[in-house]
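By written order: A, B, C and D. Residues from 1 in each chain.
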Amino acid sequence: MSLTTDQKKEIQDLQSQQYKTKRVTVSTLENILYEAIPALDHGFVRVIDYMGDDTSIVQAARVSYGKGTKKISTDSGLIKYLMRHWHSTPFEMCEIKYHIKLPIFIARQWIRHRTANVNEYSARYSILDKEFYLPSQENLAAQSTSNRQGRGDVLEGKQAEEVLELLKNDAERTYDNYETMLNERFDGSTINENKKGLARELARMNLTLNTYTQWYWKTDLLNLMNFLRLRADSHAQYEIRVYADIMLDTLKKWVPTTYDAFMDYRIGATEVSAKGKLTIQKLIKGENVDLESSGLSKREWNELMTAFDLKDKLI
Amino acid sequence: MSLTTDQKKEIQDLQSQQYKTKRVTVSTLENILYEAIPALDHGFVRVIDYMGDDTSIVQAARVSYGKGTKKISTDSGLIKYLMRHWHSTPFEMCEIKYHIKLPIFIARQWIRHRTANVNEYSARYSILDKEFYLPSQENLAAQSTSNRQGRGDVLEGKQAEEVLELLKNDAERTYDNYETMLNERFDGSTINENKKGLARELARMNLTLNTYTQWYWKTDLLNLMNFLRLRADSHAQYEIRVYADIMLDTLKKWVPTTYDAFMDYRIGATEVSAKGKLTIQKLIKGENVDLESSGLSKREWNELMTAFDLKDKLI
Amino acid sequence: MSLTTDQKKEIQDLQSQQYKTKRVTVSTLENILYEAIPALDHGFVRVIDYMGDDTSIVQAARVSYGKGTKKISTDSGLIKYLMRHWHSTPFEMCEIKYHIKLPIFIARQWIRHRTANVNEYSARYSILDKEFYLPSQENLAAQSTSNRQGRGDVLEGKQAEEVLELLKNDAERTYDNYETMLNERFDGSTINENKKGLARELARMNLTLNTYTQWYWKTDLLNLMNFLRLRADSHAQYEIRVYADIMLDTLKKWVPTTYDAFMDYRIGATEVSAKGKLTIQKLIKGENVDLESSGLSKREWNELMTAFDLKDKLI
Amino acid sequence: MSLTTDQKKEIQDLQSQQYKTKRVTVSTLENILYEAIPALDHGFVRVIDYMGDDTSIVQAARVSYGKGTKKISTDSGLIKYLMRHWHSTPFEMCEIKYHIKLPIFIARQWIRHRTANVNEYSARYSILDKEFYLPSQENLAAQSTSNRQGRGDVLEGKQAEEVLELLKNDAERTYDNYETMLNERFDGSTINENKKGLARELARMNLTLNTYTQWYWKTDLLNLMNFLRLRADSHAQYEIRVYADIMLDTLKKWVPTTYDAFMDYRIGATEVSAKGKLTIQKLIKGENVDLESSGLSKREWNELMTAFDLKDKLI
């Protein structure tokens, strides 16, 4: 991540502003407001604005005239209850806005979460920054042999070097040619005064998918948690998980009670199917149960045993 | 509207709180924060929270690191441009939350605007307030004879009195019987210690549709304007327009530049069809044009002439 | 449910039409197309139209040029996999449309599911049918003493009679007065030729919440299952569960493979929290575990033991 | 567009299937069902499935038991009325599903329309086709000098050749390196048996944004029209307009009455602001009006005069 001097100055200006408000305010989140938290090699996550806190959930659930809170233990109990029983609307009453810089191929995954508001930096209108994502050596994984959309062992030695070299050279060359076609450099300078440049909306097609883009992304607390549940998960692609992990930390700073309930009932939880429940019951009662009689597929069986950390029962 | 002493106290407590924040803050909106603005005979509109202001729209449209603003005239020009060309996403970057008290039959219209977050006071869980909407005399309109879903002349004299009497008596009687079935009064007191009460989720079915309910309603600026465009319109039912008009005023206090653009390009604007454009062109050029040659239906013709205030051309 | 002769005729006409199509077609669902399946005392559920079947899910998941299917066992395995791992978009590729007649207080619960398309019969424009929901004796439950939004024992004897009498009389009287105010009967006849009627959009406010309304309700398969998961659940209000149960049966007729996966992984499944998982692990390993050391609340403990049918462990 | 023999066979199989249905069926749309209509150099649009027709809109608007239609002229009048007055829900009652092949940079614009269901071909899971978009000579436009996100004159001669050469070479080289990193060719053959391949989810980042992707895209009629209104517009990027124009033609085949209303009241229509209305009124009345007194900006003035084809009034 390389912010320009101007960008740093703009961020500092925002951080030094101070207003009086009657709105609920979260000091732990205010502490990191506007800050660019680094993600991957050139990306970042910035919290730009927010609305509400843990008490706003309680207030909405009770449709109250005042704060809606009784005492902290009661509020916490209510939030846990709402989370456990999949109540959704009270969690929609809080809102957060991020400024994110991320590689385009990750942006394409991210945008599939539709219940968010997005303004992306427009490459029809502007020139994209000359920045591309290059994985660090330890994230250069081979295709998984067992899971068709996962990663296997890390590539090593010469092959790793070759891959990084290819990624770097291709990104640089295509970017250079992007500038050539635009007849303009990323800093705005014209290359050849006697030439016209190709339309930006066309030239951008030459960029590789690891080029960085950026956007404002705003969502409510419920949909933020839906995003994090999928993207902070171990099955998510590493590159989006990096962002999700940072955002999980901003969630903790923003709504700590909700965060606890979320970690317990969502992130750390597991869904057990009707058939899976019968198997677990038998295991508790010390009854005999095997794959065949369980009605589970081998894959389901192993997922179930893994969820309950019963490694000796894996088959 | 009759707030209890406790409710007034809760509201005052919220209004007297004061926090420091780095977030953008709108002092004209802060001035009315939490206040219960009366609507109809027992309803109200309260602004509970908000996020962003006019500059947030500009900031998101530019995906900027800082405030995003240049100078006020430039920002205003950009907001007008975005509104005129139906750009939507920058306006989604501001959010507002209301607490509304309203009759159930109006709540049923309102809820059809799906892109909002809602927590309604639950009559499965609690007893509804003993309050029903009774129209004032001047709003007691007869069915329109020309428009199947509109109002005609005001009812007068004895018939008006009879209608009001029926509405009042039926609402009171059904509410009394609601309490009887619950075996509980609206203030929480038990009627007969030796009896069980009917489940609240069942007893509520006896209430009439003018009974007041209340909810927290949160939406982004774009969808607020979509709501107001339809509900502050002269074709909207009077009872929902009362709410929309109050909210239009909160819009003005919140985002004055957007408000101006909204009044010019939406509320005060008109859509002219392809055929309508040809008719207007001919009128400007002083060419002959009549209903038949225009290709418009009589109804369209009159809507067009009304939109441009050409009363002498109505047929 | 009392369909008029005209309505029956209209339905029969639809049922006797027969077209040729290249679209995927589900004969078990075609068999009940347009049929009015009774619900409660005057309501119904009608399947009006549908798009796609089980193979459409597979086809979309594979983004295939043809049917997308390989063999039935493979397709079934894929659908189960998608359901188990909370994939959502392939299930959005099927669509169904219902015509529903239901009491207004249930319509108000139902409409909270926002991701559906709805056209409701307009009481601004038309006169509502003279039909109200009256619970059968066995559904006349008292308020639960343990659960603030649930039902307890059934009311009996004289109190039950009184409640039914109140409900019936109030619904009839308010409907009669609705007609009086409209100066029009539900069959369209005018009451007094010399009088104007109150505007329909106003008169409707006098109706009680058990009056029947009706709507067209269209949704995709994913959101239908989200609806059914909440509303076919034992915690849902009985009156909406009646509809959900009927729709669950139409789901089975429409997409039998998805239905099986849905029953196993959603309806019959249970979510176990991080803390709950530790408790279950200990139970399987025969280790000591009690409420205190589990970190669960008493309520959570009992919910967990109930989910796994471990009645002897309830406390 | 180059379909493989297998793909052609799969499409023919679908086109030759024939089922009996009681559902409304549109023969003009059935005629092109499943067909791959070419778009750009390698893309296509295929209609895969649909639900409803013009009468379904009428049926839903009337919440009718039967077809909902009276006579064609009445139905047509109702559809026009609904379109003119921005009624939305009846148009949501029809649904259509497309299979689209399109360049990634266009897919990124397209996906911003959130109210649709999408399944995209997964490059985490599969290898993308070796196909990239290369503009034809006449679409190789220079950056507009007047509009920061538009196109100006067409590039010609040597510069055009150079641009096409750069685009072609970069796309081919990055694709070759994509295969090298995967250690696998697009046809599935392994390159070097002794090497592992880079994970697909990583290797894809080396592709350029003109690489073709494909997806299933399903939406309701209302949101299809919202999409077409923006993307079949002259301000839309040429490459997405090509798709929108094809889809506009499928709209005409599917719901001809709605299509006519859409062309008249949306595509061919113009929104006139409050200030613009005053200017038009004065022009009709032959009164003096100039830019300054109009209150319009120069840009607005010219947009207004252009909308009404008053070229002599441009300034």
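Here are some notes:
Just so we're on the same page, a contact is a pair of C-beta atoms (placed from the backbone, for glycine too) under 8 Å apart; a residue touches a chain by one contact, two chains touch by 3 or more.
This is a predicted model, so every value here is computed, not measured.
Between the contact lists of chain A and chain D, the overlap consists of B, C.
With centres defined as mean CA coordinates, chain B is found 35 Å away from chain A. Computed centre separation for the pair chain B/chain D is 34 angstrom, with centres defined by C-alpha atoms.
Multi-chain contact residues of chain A, defined as those touching 2 or more other chains: 89, 112, 118, 122. If you sketch which chains touch which, every chain touches every other chain without exception.
On chain C, the positions that touch chain A within their shared complex are 77, 80, 84-86, 89, 112, 230, 235, 263-265, 267-277, 280-281, 283-284, 286, 297, 300, 303, 307-310. The residues of chain C lying in touch with chain B in their complex are 103-105, 107-108, 111-112, 114-115, 118, 122, 124-125, 133, 135, 139-144, 148-153, 155, 159, 163, 166-167, 170-171, 173-174, 177, 180-182, 195-202, 204-210, 237. Contact residues on chain D toward chain C in their complex (touch as defined above): 3, 6-7, 9-11, 13-15, 17-25, 30, 33-34, 48-52, 56, 59-61, 63-67, 89-90, 92-93, 95, 97, 99, 117-122, 214-216, 218, 220.
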